[in-house]
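In the two assemblies presented below, subunit A is common to both, partnered first by subunit B and then by subunit C.
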Partner chain A sequence: MLQYVTINMDGALLRVAKGTSVLDAALEYGVCIPHLCHVPNLSDMGACRLCIVEHVVNGKAKVTTSCTLRVQEGMVIKSNTDKIQRLRRNIAELLVAEAPNSRAIQDIAARCGVKTVRYPFRNEKCVLCGRCVRVCKEMFAANAIGFVGRGKERRVASPFGKLSEFCKRCNTCLEVCPMTITPCAGPMKPGEEYLCNKCESQLMEIASAPDQCFFCDLGEGFQCSRH
Partner chain B sequence: MPPRAIKAILEGRRSQPQQLIEVLQDVQADYGYISEEAMRAVAEGLGVQPLEVYRVASFYKAFSLKPQGKHVITMCTGTACHVRGAKLLLDQAQGQLGVKPGDMTDDGLFTIAHVNCLGACALGPVVTENGASHHHMNPGRLRKLIDNLRKEEKAEVSHD
Partner chain C sequence: MTKFANAAALEGFRRELLRQRDSIKGTVTICGGTGCQTSQAKKVIDALRAELARRGLTKEIHLRPTGCHGFCEQGPLMVVEPGKVFYCHITPDDAAEIVEKTVIKGEVIQRLLYTDPVSGKKIHSEDDIPFYRAQDRQLLSQNRQVNPLDINDYIAIGGYASLAKTLAKMKPKSVIDEVAASGLRGRGGGGFPTGRKWLECHDAPGEEKYVICNADEGDPGAYMDRCVLEGNPHLVLEGMMIGAFAVGASQGYVYVRNEYPLAVEHVRAAVDQARELGLLGEKILGSRFSFDVEIARGGGAFVCGESTALMASLEGTVGEPRAKDVHTVVDGLWHKPTVLNNVETWANVPSIMGKGAAWFKAKGSKGSKGTKILALTGHIKNTGLVEVAMGTPLRTVLYDIGGGPSRSKDIKAVQTGGPSGGCLPASKFDLPVDFDALYDAGSMVGSGGMVVMDQGTCMVDVAKYFLDFLQDESCGKCVPCRLGIDRMLEIVTAISEGRGKPEHLPLLEDLAETMSLTALCGLGKTAANPVLSTLRYFRDEYEAHIKQGQCPAGVCQALIEYNIDESKCTACGACLRACPYHAIQGKKKEPHHIVAAQCQKCGICHAECKFDAIQVA
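Right, the complex of A and B next:
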């Protein structure tokens, strides 16, 4: 039988099944926590750090990623304090600077309220979110790609740089990759690091409801798991 | 000691995935590097996926995936050595040997590497050659070191 626990999320009491993550619980109840590396039904590795929340223990708030945090009876979570918003915006900014050429990243940045990017652009092709790696390993049991190397050299690769014999050529890795989503033609070019604000309606909605889910179009862009 | 065959290294450890690192260490010690064939053989012997072996081997600095030269010249590029001109040493070695850090010269004699602090900062810039440390190096002394090693090699070749 499913056991339930009660958690306090931004003052509201939520009843959620034991064993779910705080992120899943929040999304289930319509609390918006932007996230990138989380894919429903896969394990979480906390790579993108976007889903941070404040976890209050004994009156002290600890910032942790909600996708790797399991619900516990009576836990207190704050998902949208000023501090969290500031940190999240900064993380989104760094993501944009790392890999601006993806609609997914641009939309996440917009959802997190990024207006300008203060960091130099690196134009990387991979943000090491690990979505492809986990989908390959857990959903298709192929383990044909994985993280290789360490530190700056860390990258996703197939064994010895050759196509693995276990690869089923299902292309799911490409489907879940945020970098395969064609970037918006407008903003976020090197040299003009700003949001063009053409999606005015979106941005207004975002500003008016930073913490609630209204099934934003942006979420669709970055494969938010509510869609 | 001639390198043992991969089979001999795997002896008694087959189908024990937890032995992966030990086996790789032995391969590294015997061959000086870990080749793709070795990794595939290890994967098959231990019953782990090739990807897993590749990930582990590429993660640790102790494993090298490329053949290593007879003399591994390691430049310290840690903070203390850096401010005393480790960059010049690296440039000198690269220029003299014509290879990038991590690569081997065509004659198989030298490999250049760099590390981030050897723990002897007061003696910097430090260069090690197959584990033997040379302190207070400068480009000139490094050039001589490499020249001497070359000469010794030539002498050895003409002896046999």
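Right, the complex of A and C next:
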């Protein structure tokens, strides 16, 4: 029989099944926690760090990712404090500076309140969220792609650089990739870097309640589970 | 050899060993640590062995190659007993003379003695050398008494007695209480109370538990763990056995990096010897406790020193950290409760059990007990391994033990704790070597690396160096660490090249906070420390780079210029010949000058000039 626990999320008491992650619990109840590397039904690796929340233990708030945190009875979570919003904005800023050419990343940056980017733009094609790697491994048991290299050298590649014979050409890796949706205005050219402002109409609405899910379109690009 | 059936058999064996050794007239101890091996220690040992054999003294004189003695600057080192005569900078050619004069006749060879740089006097005995005198060598002093490849040496000085006592007389819970009472804190960097860690693992549900020794030391300039493991592997093993007994583990791992070949070799030999004597295996010393140790070699990734990455590597997967919302004492190696401690932490355990928690607690400061091994490197006279009681002021370590700056320039800062630590300025040298005090000052004790930097060091350059190191060593899994370090390096590089902007400094601080709060593992959380601490104490240097476009220390190449002071130039031509870019022109008896367009600012001429005529501006 399914067991339930009660957690305190931003003051609201949520009754959630034991074993779920705090992020899933929040999304289920319509609390908006921006996320990128999380894919429903896949294991969470805590790579993008966008879904950070404050976990209050003995009066001390500890910043941790909600996707890797399992619910426990009586757990106290603060999902959208000023501090969390600021940290999220900084992380989203790092991401969007890396890949301003992705619609999904632009949307995430908009959702996290990034207005200006303080770093020079790069036109990276991959933000190493690892969605493709995990879906290939966990859903199809193919392991046709994986991470290669460390640090700055890290990239997604197939074994020995050749198409793996285990690849079923199912294209799921493409479907979950946040970079494959055509951006509104195409890749940025050097000297023409700007942050897309087309989502501003949405932002007006969202800014009034950053912690609630409005079923906005901003999650489309990375298949937000509420979308 | 037969296995020891019980504690009494071990004690009997030790007595027998001591009785056999009574006939030995003298001992020649030579440091065979990695530091001394680079300065020909192996050849010295071979020469001495040959010389002793030639004279037929092998039975009377005990030749003992040991692990590191600590004074690496002076290597190869040797101590001749009786008399504790201390020789340094020995060459293989000295072997015959040493045996002839010192070993046989008991005379002292003045030439090989250590000269005190302050008084200029020759010092006979190791105990009188200032470098050793100001230390409190609890762990390192054993290195000198033990041949790491011979378990008998370790047993002879009372080794494994603590294990025997623990197994015979104590319950696991009381072992944990004793360690907790001693106030021992993790020596790997975190400073987490060891007793608490053990208790949490002991209380964690599960039959199968593990203990791991973390010997994946990777901080630039740190080699404490290496020397302990190389010099006294049985001490670490004994600590692990006691820990395993306390938490209820029956399997242990030593995760040692493959770049430490000597440590791997020694710890392997130690495990084999301990197995032979029944100190590892089933029913150790007649108790119900069974334990074995496996050696795992790391590939040299810095991040594999992080507990979860190390465990991932041990499991055979990619060495990447994972979220630690559930601690490794509950969910560790193969999802079993696991205690992971650093080499030095394990090495402290036998003496705590042997001499008692009160003995250990008597040393140290309020929050940090016992002694700590530090690796002194950089612009300091006496580089080497230093062991001091916790709470000793940095000044004592740097000046009394370290002997002060190695060059004519004053010490400007000391970098403690490796890439996770920070730089402390000279004004903070009265701070004690204490986990909490250094943490509050924006640095940390860390694993004990201390890189000393004098006035000729640019702090922006130092920050850049550590960021560069961390960028290479970050696993790249999480965004704040991978991109945060990358962007920080980009900004600091811009500053060092004169492209810095005033808004860069608050941006660095903002980014540093984000990284420290949101990164996945300890590496990312502390990666900003070198930048933060230099910004905190040397902000004026950053500002000089940004606002005046100057590098006060004359290090950052883009911001400096080399000029020849014509009044000092003697036209000797040394710089002219040395310049690889032919950027220096001049004729005989005429002051030379540097052609700015051709100058690559390598600084070779500056180092070459004997008349101080080449100036950096």
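Keep this in mind: the second predicted complex is superposed on the first by the 211 of 227 C-alpha atoms of A that agree within 3 Å, B and C clash if a C-alpha of one lies under 4 Å from a C-alpha of the other, contacts with A are read in each partner's own complex, and residues count from 1 in each chain.
One rule holds in what follows: a residue touches a chain if its C-beta (ideal position, glycine included) is under 8 Å from a C-beta of that chain, and two chains touch if they have at least 3 such contacts.
Every value quoted in this text rests on a predicted model; they were computed, and no experiment measured them.
Participant: Identify the partner contact of A:158: answer first if only subunit B is touched, second if only subunit C is, both if each is, neither if none is.
Facilitator: A:158: touches subunit B, not subunit C.
Participant: Quick one: classify A:114 as touching subunit B (first), subunit C (second), both or neither.
Facilitator: neither
Participant: For A:145, is the partner it touches subunit B (first), subunit C (second), both, or none of the two (neither)?
Facilitator: In the superposition, A:145 touches subunit B alone.
Participant: Of the two partners subunit B and subunit C, indicate the one touching more residues belonging to subunit A.
Facilitator: Between subunit B and subunit C, the winner on subunit A residue contacts is C.
Participant: On the A-aligned overlay, A:23 touches which partner chain: subunit B = first, subunit C = second, or both, or neither?
Facilitator: Neither: A:23 stays clear of subunit B and subunit C.
Participant: Applying the document's definition of touch, where does A:166 land relative to subunit B and subunit C: first, second, both, or neither?
Facilitator: first
Participant: Can you give me the overlap between the subunit B contact set and the subunit C contact set on subunit A?
Facilitator: 147, 149-150, 153
Participant: Which bits of subunit C are touching subunit A when the two form their complex?
Facilitator: Residues 301, 303, 318, 322-323, 325-326, 471-480, 482-484, 486-487, 490, 503, 507, 510-511, 513-514, 517-520 of subunit C touch subunit A in their complex.
Participant: Considering the complex alone, what residue numbers of subunit A touch subunit B?
Facilitator: Touch list, subunit A to subunit B: 143-150, 153, 157-160, 164, 166.
Participant: Within their complex, state which residues of subunit A touch subunit C.
Facilitator: The contact residues of subunit A facing subunit C are 44-50, 52, 63-65, 68-70, 87, 90-91, 94-95, 97-98, 118-120, 127-128, 130, 147, 149-154.
Participant: Provide the residue numbers of subunit B that touch subunit A in the complex, in ascending order.
Facilitator: Residues in contact with subunit A: 36, 39, 49-55, 58-60.
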